[in-house]
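Each of the two complexes below includes subunit A, the first together with subunit B, the second together with subunit C.
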Partner chain A sequence: MIGVNGLSREVGFLARDRAALLWLGIAVLIAGVSVALGLREIASQHAVLDDLRASDQAEREVVTDLYRDWGDVAYYTFHLTYDPPADFAFAALGQRDISPWKHNIRALALEGQIYETDAQNPDFALIGRFDFAFAASLLAPLLLILLLHDLRSGERAAGRFELLGATAASQGSPWFARAALRTGALALCLIAPLWIGGLSSGSGVSKLALASLVVALHIVFWWVVCALVDRAGWSSPVNLTALVGVWLALAVVVPTAIKVWVEAAVPLPDGGEIMLTQREAVNDAWDLPKPATMTPFIERHPEWADYVEVRQPFEWKWYYAFQQVGDQTVAPLSLAYRDGRARRDRLAGSLAWLAPPALAERSLQAIAGTGVAASLAYEQRVRDFHSALRNYYYPRLFREEPFTEASVASRPEFDALKRPEATTPPLRGTPP
Partner chain B sequence: MLAARSLSVERSGRKVVRDVSFNIQAGEVHALLGGNGAGKSTTLLTFLGFLQPSSGSVEVRGLEVNGNVEAARRAIAYLPEAASLYGHLNAFENLRYFLSLAGADTSRKELDAALDSVALQADARGMRMRTYSKGMRQKVAIALAILRNTPILLLDEPTSGLDPVAIDEFNRLVRDLAGAGRTILLVTHDVYGACHVADRIDLLQNGALVGAFERPAGMDRIDTEAVHAAFARHAGAIQ
Partner chain C sequence: MNNIFAIAREEARLWLRSRLALGALLVFALLLTATSWMTANRMSHELAHRAGQQALAEETFLAQPDRHPHRMVHYGHYVFRAPPPLSIIDPGVDSVTGQSIFLEGHRQNTAMFADAGAGANLGGFEELTAALAYQLFVPLLLIAIGHGLVIREREENTLAPLLAQGVSGTALCAGKWLALAGVALALLLPLVVLAVAAVPASGEGLAGAGLVSLYALYLLIWCGLIVLVSTAVRSRALALGVLALCWLGAALIVPRMAVESASSAMPTPGKLQTDLRMQADLREVGDGHNAGAPQFRQLQANLLAQYEVDRVEDLPVNFRGVVAEVAEADLTEVMNRYAEERMALESRQARFAEAFGWLSPVVAVSSGSRALAGTDLATHHRFLREAEAVRFDFVQGLNRVHVEQLTYTDDINRSIDEASQRATRMSAENWNVLDEFAFQPASVDERFAHASAPFAMLLAWLLLLGGGGLVAAKRLRP
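Our next item is the complex of A and B:
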């Protein structure tokens, strides 16, 4: 272990090592920039939500003023649903780059509304955003490799290795102290900007501590890798080549292979297929006899069996019934899609132990609530809310209740703050 | 203080030291003389525990090095050939770093005294060592070996890079250290220097001892001509 004297000696030595200071400075810069970019992105998402919330309320008031028919009100009223970023999301944006986190939904067929929304920039699905999780899981190992790859081999090349070994009071000295100090310094350079950003954004200390632990363990893993390669006694260039090769394998090749294998092992329909199938079902309903819609609707909603007779060519209850049937038509596809995403996520999570950078990134996303599980949980909250909307409108549409503003006031509102834990949600079909 | 007993060492599958034995008493200066690849430095590194004997053993203060490496190293100050200390540190910083590594706490006065003893210019001591000549770097390394204040010094080509005046000063320093009770094993291919400083010279050729010379009682050096002739006969060429 390192004594106080050994630590102060190596701190002084490190403080005079310009190359090491350069890499540590770059680590601070990378972590600082990634945290700043993450905070800016989250601030931008909050600003978008502020704007949307304001316009959402205003638009609903306009619709309520304009229309006095429940069918029109249900048709023209949009409801903002969204997944507000958690306070730690700045560190690991995760699925917020890939999966939608806000929808403007109506009481129409839902599944198409969920899956027609695209991510802001699909390219991010390929390269990911430059957030702290990316910096800590993929770039930090490279910096540690640069700091440690020539710890012994550099001294050997300079003709100091035997002198250092012969002079040191203990056999592990000064190598352990040097490596520990550099590893610790790198972890500190990464974690300090995270804490500054986290505390300024209101992140809980427990989340910051947990994220710091993930970063520290990941860095320690790479320290062990560097130590193993260093023990082979190769020259510095060979060490560097070997370590970069290991990094390439664990950070790029293995995660890519896992992704390819998981996608092959767990096939799933794409969101576009769900949307198209639902739209076809809804559009076809216009040309079908009314019972073709109302019969499957009643199977799901027997409580409205006494109200299914449609006398006019167009009635709102029939219109909303075939919207519902559209959802019922794609329910198996939608369930397969969500189930597939959850299974892929679980499988990828298990296999991530083979690729520590991917494991670290996933862990940070889990802490930030930005993983696939959180995305699926949000979609389920949208479904639950949409189900509540239908339960609100159906009695008014089927019983043809008169429109009253008092009744509008009791309409369900989406509660974005009702956040379940970021665990895989129970998979349910389209709610009745 | 130091002993090699039927020592053989292999490196990369090749036997580079063959059945070498010697015994060095306290206060004695012992030189291993030989050409390049004779096995001199390998023998030194075996005393420091960096290399393991393939057969035989080496002992430091009666303890076999194998299994007692830390104890052996604590008793030894080692001066490697063309010692390259840290170029981004000055002489004082280098000495403090290495001495701290050895667990020693040394005052500025003691550092200056050691650097005085190796005749390093005072105005150069605060300069970064990357600006030093090879000889100046060697002087700082010698000062380090002195400051370690160990009973044994292992010196690998210690006068390499030194000018003739500095070599004479170094030889005097070695004799003084021996006179103060230090045991010194130096390896060199400098016949003249070895004859002037050593109490005993073992001649190494292809890893084997091929000759031994001792300082005759009452003489201030070993017979240079005799060593020179033996060296030439065995090595084929004087370095």
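Our next item is the complex of A and C:
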């Protein structure tokens, strides 16, 4: 379409266009800073986890020495669970600012514990992070708009448009080459810092390539938008105004409309209701006859059917049984809450095709493992670990096994690396 | 003076005749109205819903049957953070902080169920509120219709005749600024409506007026910047480029850089880290469930000496209750110390980030807006402190019942059989130790004090740009 001469001529033009160089320089700066800040944030999350793991270990050793009764041990021992950031998380911090990625869990009713959030300064979550996903999905389109809005209109205003059109081999080619060069240069300015940061921090090449593809496709989309607007033959200021209007619509208004619609279309059970139901179930058990707890308990755990007789007003096995029954009572609500979030996320994912900036950001979060799906998957790992803890304590509580060091040593430990690769969380069943 | 108004009138006439300007204005008016309506609707729904939940939580607590008072300590209570009246303009941190806290003995829980965690994730801006629309997007409209204000006269060769007729550059620029300011202030109408709607509910008209003037001041700054650039720069393309760069930096980049700088300049340990560090201190206080713990031996000896008896059974008070009460007080002191440290760090982070208002008026206006609306970090901290006060009061109220009404002998024999367990059940009338909770934001004066720094920043911006505009206007040549 365009020869080597044509290309080198265009490169020469670009090199002398101070405005274009300014926008490209800003792009490199923004991408570089966002990558550096993302790497810093991930390093600090790792440091927090190291610190937590150390204190958690030390704390558990202290507590293990204090108690000799399985009921007390289960009551007082906390276990740290966490979701370490994936290697590419630096590029899209995603939900990690608002959804929990670390919990301290014990063998009591899980529904009372799993909604605790250990959030950052709320001002930060409100304003948002300066990560690469932000730069690539929201800032990059604006920079491209600034680079491309006056390609034709600028020449037209300078009186060269007809001349250029007439002397070029084909009508579109000088514009196409110029726009392609600028689009390519912008993509390169964004992607290069990403690769430098990614390779230096040990991210997989496949993830970097995939992310680069997302960025490139997103930028090409905006190129098409710019080309369409530029064809209308308006003056540069009108072009720019119209393009910023399109940006405002696609980056802000449409995503907001989708969000409002999705949240109305997929209602969630009220969080407060989950908590209240759980609390009532657990607390009522104290005043109910023991079989009211033990019967629903052995429906779930028939293996303990021979041990359900409770002779004293208080016995640990009954205490832990009603903790479990509390979770069972609230399970439909809790499942609906999880399933609702997953459905909202899937729906938002499909509708995000209407708003390319949102789609680009979601795609980067998916690659980085920082989307809603990842945080639901983490929640499921916490649930799995919690049930492993219960399964460890039940034989000791029901058979009243003696406390031994060896027995404590076989207690399950949370393993963050057992990370299911599935992007959709394994939900058991669907809510009514 | 007449010149200035004539120029402003002429400008308004031109906008009304330009389909582009009129179209953009209408679209924005629609956007602002829709966003304002949505925000107001959502927040008033939240207010009603949480007030209902709060009433329900209190009712449920009071309706509990007779039981051991310590059971009620663990039964616990919920408090909900009711959004303040002006949150219908700026919900602030409401959606990113949990709205309710479960209060129980021996623990300070975090606020749970932040909307943001369960919402549909579309990246970008957390949510489009009326406040955000004014802070980020109205300036775009002002740039679109205002960047050519002075340049147009230059392009159409009307600048020279105007100046030759004796219209001073200052009067010309003032007239242009006035016209743009008129549009900006007219766009504040939805905001004024919301502020007026919020006032009767609260009697905080002053805060509402403050909020409207904060936004007015903010938009006037943009008008000043736009006229300044339009005066100083000779081509539309360059003026648009400069203004686009200013907006990009002020609205999108600096606020987030403020966040990043604050978080790296003063790292704050999270709740989990604080909790783990606190464990050793808490163990020193002792477990209030275990009256035989070594930490309480001295307490026991003192009580026995005070009442001149030899055995805890003979004390006129329930020793187990006394231990629960003393341990709760000591634990709370430790927990509050750590919580206050954390909140102080967070406030320092927020102030650090707020100082970026000297670099971007967007940071200043958003910080001032949250402060005046009562939806800032300080208000959330206020909620945490008030919730803690409620927690401590009802737990200690119940512990008092445990101390005074339940005998020690009944208490230690409670697990022998059903009958002895029944003996430890205290009358449900005692549950009225719980106070009603209705969260109120800080007083209007206090909120103005919080907003004073942002106001000062915005005033400085206005003066700076006004001064710059004046210089550029005086130098205006055809």
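The criterion applied here is as follows: the second predicted complex is superposed on the first by the 408 of 432 C-alpha atoms of A that agree within 3 Å, B and C clash if a C-alpha of one lies under 4 Å from a C-alpha of the other, contacts with A are read in each partner's own complex, and residues count from 1 in each chain.
Keep in mind that, in the parts below, a residue touches a chain if its C-beta (ideal position, glycine included) is under 8 Å from a C-beta of that chain, and two chains touch if they have at least 3 such contacts.
Please read all numbers here as calculations on a predicted model, not as lab measurements.
Aligning the two structures on subunit A places subunit B and subunit C next to each other without any clash. With subunit A as vertex, the superposed Cα centres of subunit B and subunit C define an angle of 90 degrees, given in steps of 10. By the touch criterion defined above, A:37 reaches subunit C but does not reach subunit B.
Contacts of A:260 after superposition: subunit C is touched, whereas subunit B is not reached. Within the superposed three-chain model, A:71 lies out of touch with both subunit B and subunit C [touch as defined at top]. Greater residue coverage of subunit A by touch, when subunit B is weighed against subunit C, goes to C. Within the superposed three-chain model, A:159 lies in touch with subunit B and out of touch with subunit C [touch as defined at top].
In the overlay built on the shared chain, the residue A:240 is in contact with subunit C alone; subunit B does not reach it. Contact with neither subunit B nor subunit C is seen for A:141 once the two complexes are overlaid on the shared chain. Judged by the touch definition given at the top, the superposed model places A:85 against neither subunit B nor subunit C.
Of all Cα pairs spanning subunit B and subunit C in the superposition, the closest are 13 Å apart. Judged by the document's definition of touching, no subunit A residue lies at the interface with subunit B and also at the interface with subunit C. For subunit A in complex with subunit C, the residues that touch the partner chain are 19, 26, 30, 33, 37, 40-41, 44, 48, 51-52, 55-56, 59, 62, 80, 94-95, 98-100, 102-104, 112, 115-130, 133-134, 137-139, 142, 146, 150, 154, 236-238, 240-241, 244-245, 248, 251-253, 255-256, 258-260, 262-263, 266, 268, 271-272, 275-276, 279-280, 283, 286-287, 312-314, 337, 340-341, 344-345, 347-348, 352, 355, 357-358, 360-362, 365, 371-372. Here subunit A touches subunit B in the complex through residues 5, 9, 12-13, 16-18, 158-160, 162-171, 173-174, going by the rule given at the top.
Those residues of subunit B whose C-beta lies close enough to touch subunit A in the complex are 45, 48, 50, 69-70, 73-74, 76-78, 80-86, 88-89, 93, 97-98, 100-103, 141, 144, 148, 154. For subunit C in complex with subunit A, the residues that touch the partner chain are 20, 24, 27, 31, 38, 53, 56-57, 60, 65, 67, 71, 74-76, 78, 80, 92-93, 95-100, 102, 109-114, 116-128, 137, 140, 144, 147-148, 236-238, 240-241, 244-245, 248, 252-253, 255-260, 262-264, 267-273, 275-277, 279, 283, 346, 349-350, 353, 366, 376-377, 380, 414-418, 420-421.
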